[in-house]
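What follows is a pair of complexes built around chain A, which joins chain B in one and chain C in the other.
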Partner chain A sequence: MNQRTHPRVAASGIVRAPRPAGRRRGGRDAGRNAFGYLLLAPQTLGLLVVGLVAIGGVVQLSLTRVNVLAGTREFVGLENYARIFSDPDMGVILTNTFFFVFVLSVAGTALALALAVLLNQKLPGINIFRSAIFIPALVTTVAWTLVWRFILQPEGLLDGMLGLVGAGPLPWLRGGWLTLAVFAVIQLTKNVGINVMIFLAALQAVPQELIDAARVDGAGPWSRFRHVVLPQISPAILMVFMLMISGSFKVFELVLLLTNGGPGVQTSVLAFEIFRQAFRLNDIGYAAALAVFLFALVLALTGIIWQFRRRLVFHEAD
Partner chain B sequence: MKRIDRRGSLILRRSGSYALLTVISLLFIGPILWMLSGSLKSINEILRYPPTILPEVFHWENYLQVFTLQPFGRQFLNSVLVMTLVCGLTLLIAIPAGYALARVRPAGAAVIFVVLLSGIFIPPEAVIVPLFQTAAQLGWIDSYLPLVIFTSMLATAPVAMFIMRQAFLTLPPEFEEAATLDGAGRWRTMAQIFLPLVRPSIASAVVFTAWFSWNQFLEPLVYLRSQELLTVPVALTLFEDPLAGPRWNVQMAATTLSVLPVLIVFLIAQRQVVSGLTAGGLKS
Partner chain C sequence: MRTTSRVSLTIASLAIAGLLAACSGPASESDGQADDVQLRMTIWSANPDHVALFEELGDEFAAESPRVSSVKIESFNLADLDTLFTTQIAAGDPPDVSWLPVESSLEYIRAGALVDLRKTIDATDDFDFDDLIPSLLERWVDGDAVYGIPFSTGPLMMYFNKDLYAQAGVKDPAQLIAEGNWTWDAFRETSKQLHDALGTPAFVLNDFDFKNWTRLLPYMNAYGASPWNADATACTMDSDEMVDAMSVFHGMTFDDGSMPVPGQQVDFWGGQVGATSAFLGSSASLVDADFEWGLVPTPAGPAGAVVSTGQASIVALAAGKHTSDAAEFVAFLGSKGAMEKYSGYFPPIRESVLTPEILIQNSKVLTPEMVQPMIDGIKKNGKVFPVAANNAAVADALNSSLDEFLYQPGADVAQALSKVCGDIAPLLK
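After this line comes the complex of A and B, so read on.
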């Protein structure tokens, strides 16, 4: 290499060599590109192959009727999609799905923010409480759900606690809004710790001078939070909100382990219905159409919010 | 007088905060404590109403039953094995990709970045059907290949690539110039100059990937058949008596065993994790 002049000096960083003028840019770039593509190739090829198999496959399957026993496939066009809109169960399933999307994203973000503000105080031993809220996030979803099933079993801990105040046992997992609310609580407590940590990081990055300046200007605690802190942490809020939206479509494990979607489909959601149609009822084509529908919903919702980000987020322009 | 008042109100305010924080913390830790208590009760005591808070007699044999009802030790190692393989494959492809996108930047890097990141937006539930069919055609059912390959490509590598790219971006370009002047080739610059500097980010990519794999339920449920090959989350759901329903106490003992290693690691590394998570900062 022709640039190898004063290696020791350059390596120690004492002397910063000026960029060699008039180097052969073309040749360098070609080598650089080749090196870059070589490094990128494994992941890019892997993702493209698996991604095409996955997405191409699901779209293709959604246009067919698959007979698993006979091993035949028959092209049926958009029939499976038409079935989504005529399926009487879909009303309940979609209502439940959107209930979780709405509750988990809005309530999840609000709860995480409230807890983060509470945990952002400078109190001795505050880290113990921070850890406590983070612990459910360390437990697998399956473990957390099984523990909650144990708590919610008829005449279990929760019924026992209600009994202490003279209230009767409740049908926690027998369907209806109570069961949906129970699901929301289990899912919220499981994951809120991660979002609290994200918000704590954002809160601690807010420059103290801004808050002090607002205080000097006579802003009260709420006003300081609303007009100074909130705009500063708005990128974190947007991120948590989007994470919660895409995550809220996946209450799959809870539904499978706690109610199996029942009674009927009363507590089912779209992700669980895909699983049920595909792996329990062997209706592969319909399951694939539901999967495309789920995919479209996730993309549409996150896309809409991404479009609105300029209005929602304060220093997006930076 | 005034100073005492102020100190009094401070103590009052603080004890209010502590009371609130304790109640909230109990909501999050209570289920874990109930799991521990349930794991040591007899099945009769569990079914009694009203429930007892602490076990009357500590039935440690529940923990032995975990291993006699299922090959739980084997299943635990299976989970560790899958986790290790997913971490290995993910890092192997994501570190070079992140480095290329941050420091080499070949033509079209911006487009490739978006393509690689797009894996994050594919919900696993939406593509499980075609992936299962493909795995069946390839003879991958009841093996770890789909769990390792599909998961790495679609779920963990995109995130790990993103983490690594961010890490390599923060390093000053002078290192690269110095290394070039020093006569280091492109590979050496990457492996010996830059890689050691991003060790903390490699650690967070490993934590994320390991956690994702350890947590997986739908995929092992669909791809694995034989009991000796199952991973922990699926195995936990199978501590049931076909006639009498869930064996609550053994199931809680198994759940405790699955939770403990992670909790122990967390409590040891707690200071670093909590401060790392909060101080690491997430600038948009």
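After this line comes the complex of A and C, so read on.
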């Protein structure tokens, strides 16, 4: 439909007359567009220059065997990529990585939504609770992790509390699913505040008349939430979910500070393995191949979800 | 439209070219041409006294040198050594001179990452190379080539809290030495007694945290064990001697409860632990100690009283921009005059300055009587940390594998060490 030659229907239902096309308007549009591009330019140039050059550099490195100390570089083709699939540690590392992706994205989104719904109440002092949830997001991950290290250390606070009820002590940071679960809790509690704020903003933007209309139609609280509120905030849910997925691939500080990936590689993840290969084992080429692999994984997963957004998000199919 | 695309493309190309030009930095000066060379040296101490001392030595060298105008000293964390060097070398901006731990010596030498200092040393009149104790220099020498001057060669000593031993009514290390019973077995027994009496950990390995295998060397050396053979080509972690040594460590940690378990945070320097093994420099942590303490060598074992000796050298990096000036600065720092100045902080390998008086000159807590056994240890039965050609990978695999198999309650030590060998042996070949 050509909007210049046909009447336009505004949201209010008022029919507006078409504007005459002319050179003056074209010039104004061009100026407006140029201003828009100017505003976009810093970010776009930054992405092009820094992002693409860096990505190109990493891809190039991934095709080489680098001896950093000797300053030599040898082209090895896809050898580093083949190593990824023959690396005996990679099974554990990828399992751990996808564990975080699944738990942090699903549980993280659900927890943030639940907390946002709870905090979306007009109660006296509710802002205190909102602040309490948000404060961990303001603390650096390193500080947050170190506090947890004291809590989780053998004979630490958590063991002491378990001891009061005759349980424990438990090897919180000695590997296995327990340690991975502990990591998930630490990461979730650290970042949930930001997502809660996003959901709170979305919840408060839901038109009250829609909820009232549903109430008049006899919808109960759950039905109102499921069929009215949830579709309205679905773009926010998708955004948080995708942010959590890309973020959960980057779990790093916890692993470095709490277990160093060990025992063995029991608690290692792909992001930590990249660091270990590059800066501890000086194997820059393999680390670069792992980085490209991680990039491809994040891209593929977010791409798939993006493709599904029309089915998941209200208004996306329009 | 085409014009717009061309303009965009031109702008983008200019931006990229500008960025690349900015990133490439100034063209490197070749040696022999510059007359205002600025050297950069990295050290892993953040102690203001250490930094000031090396800055002073740098100024002194710059004043003497016809080409070097200044020396900049930069501190970093030893744990970040590989990260720092790999990043800076890859970026074409490595330091000219640095401290380097002995564990990394062979790897850096084999990679050609260090400058051969031989010619510069020979050309330095007052260097007096023969004053260096040969056995303590061997990790840095390859034929005639010399790749580093050890500036700090310190044994792991045992600090102990006299008050805690007295409170528990247990014989302290000094009393065991006086009895002629200073062995790991005897120490294990008294450690358990102290732990049983007070409930506190009796012994902690300083800077260990179950991530740094070199801190286990006092056990290994006392039992005649080593993680690999003499030329670092085969794993010996599963030898009988190693099993005996690690059984003592494992027993103290998981059976006796006299040492902290993985993840447990304890601090000797605050007075909560009976004893610790640490380097001489750690004595600075005891300046304000509110308890009585003593300093003794680590216990002996079936292989005798071996003193596990850590070492660090000053090296010139081959990737640096001013290698000959850097080599001259290393030779300057290794000369007797300069070494005398910092030997109060770092035990030297120069026979002439390895004296109790020089070693304690900057210490507020050490006495000649305390450091004399350490000097004896360095000269007579000191054993410098073992090195492997592929140190970064071997150390990482060793730490990781020990953590997975040995640092576990209920682990079968012999089986665990056999698995450890399975992990590190491929890296030694």
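Worth a mention:
Methods note: the second predicted complex is superposed on the first by the 267 of 318 C-alpha atoms of A that agree within 3 Å, B and C clash if a C-alpha of one lies under 4 Å from a C-alpha of the other, contacts with A are read in each partner's own complex, and residues count from 1 in each chain.
By our rule, a contact is a pair of C-beta atoms (placed from the backbone, for glycine too) under 8 Å apart; a residue touches a chain by one contact, two chains touch by 3 or more.
Quick caveat: nothing in here was measured; it's all calculated off a predicted structure.
Of the two partner chains placed by superposition, chain B and chain C are both touched by A:F279. When the shared chain is aligned, chain B comes close enough to touch A:L299, but chain C does not.
In the superposed model, A:V53 lies in contact with both chain B and chain C. Judged by the touch definition given at the top, the superposed model places A:A70 against chain C, while chain B stays out of reach. Look at A:F150: by the touch rule set out above, it reaches both chain B and chain C.
Contact with chain B, but none with chain C, is seen for A:L118 once the two complexes are overlaid on the shared chain.
Shared-chain residue A:V165: touches no atom of chain B or chain C. Using the contact criterion defined above for the overlaid structures, shared-chain residue A:V216 touches neither chain B nor chain C, since it reaches no partner. Judged by the number of chain A residues each one touches, B leads among chain B and chain C.
Taken together, the two complexes place residues 48-50, 53, 149-150, 153, 155, 278-279, 284 of chain A in contact with chain B and also with chain C. Residues of chain B touching chain A in their complex: 14, 17-18, 20-22, 24-25, 27-29, 31-32, 34-35, 38, 47, 49-51, 92-94, 96-97, 99-101, 104-107, 109, 112, 115-116, 118-119, 121-134, 149-150, 152-154, 157-158, 161, 174, 177-183, 186, 190, 214-215, 217-218, 222, 232-234, 236-237, 246, 248, 251-252, 255, 258-259, 262-263, 266-267, 270-271, 273-274, 277-284.
By the touch rule above, chain C contacts chain A in their complex via residues 12, 15-16, 19-20, 82-83, 85-87, 89-90, 107-108, 111-113, 211, 260-265, 319, 392-393, 396, 399-401, 403-405, 407-408. Against chain B, the residues of chain A that register as touching in their complex are 1, 3-7, 10-11, 13, 16-17, 19, 29, 31-37, 39-40, 42-44, 46-51, 53-58, 60-61, 115, 118-119, 121, 123, 126-136, 138-144, 146-151, 153, 155-157, 159-160, 163-164, 189, 193, 197-198, 200-202, 204-205, 235-236, 238-239, 246, 249-250, 252-253, 257, 271, 274-275, 278-279, 284, 287-288, 291-292, 294-295, 298-299, 302, 313, 315-316, 318. By the touch criterion stated above, chain A contacts chain C in their complex at residues 45, 48-50, 53, 66-71, 149-150, 152-155, 172-175, 260-266, 276, 278-284.
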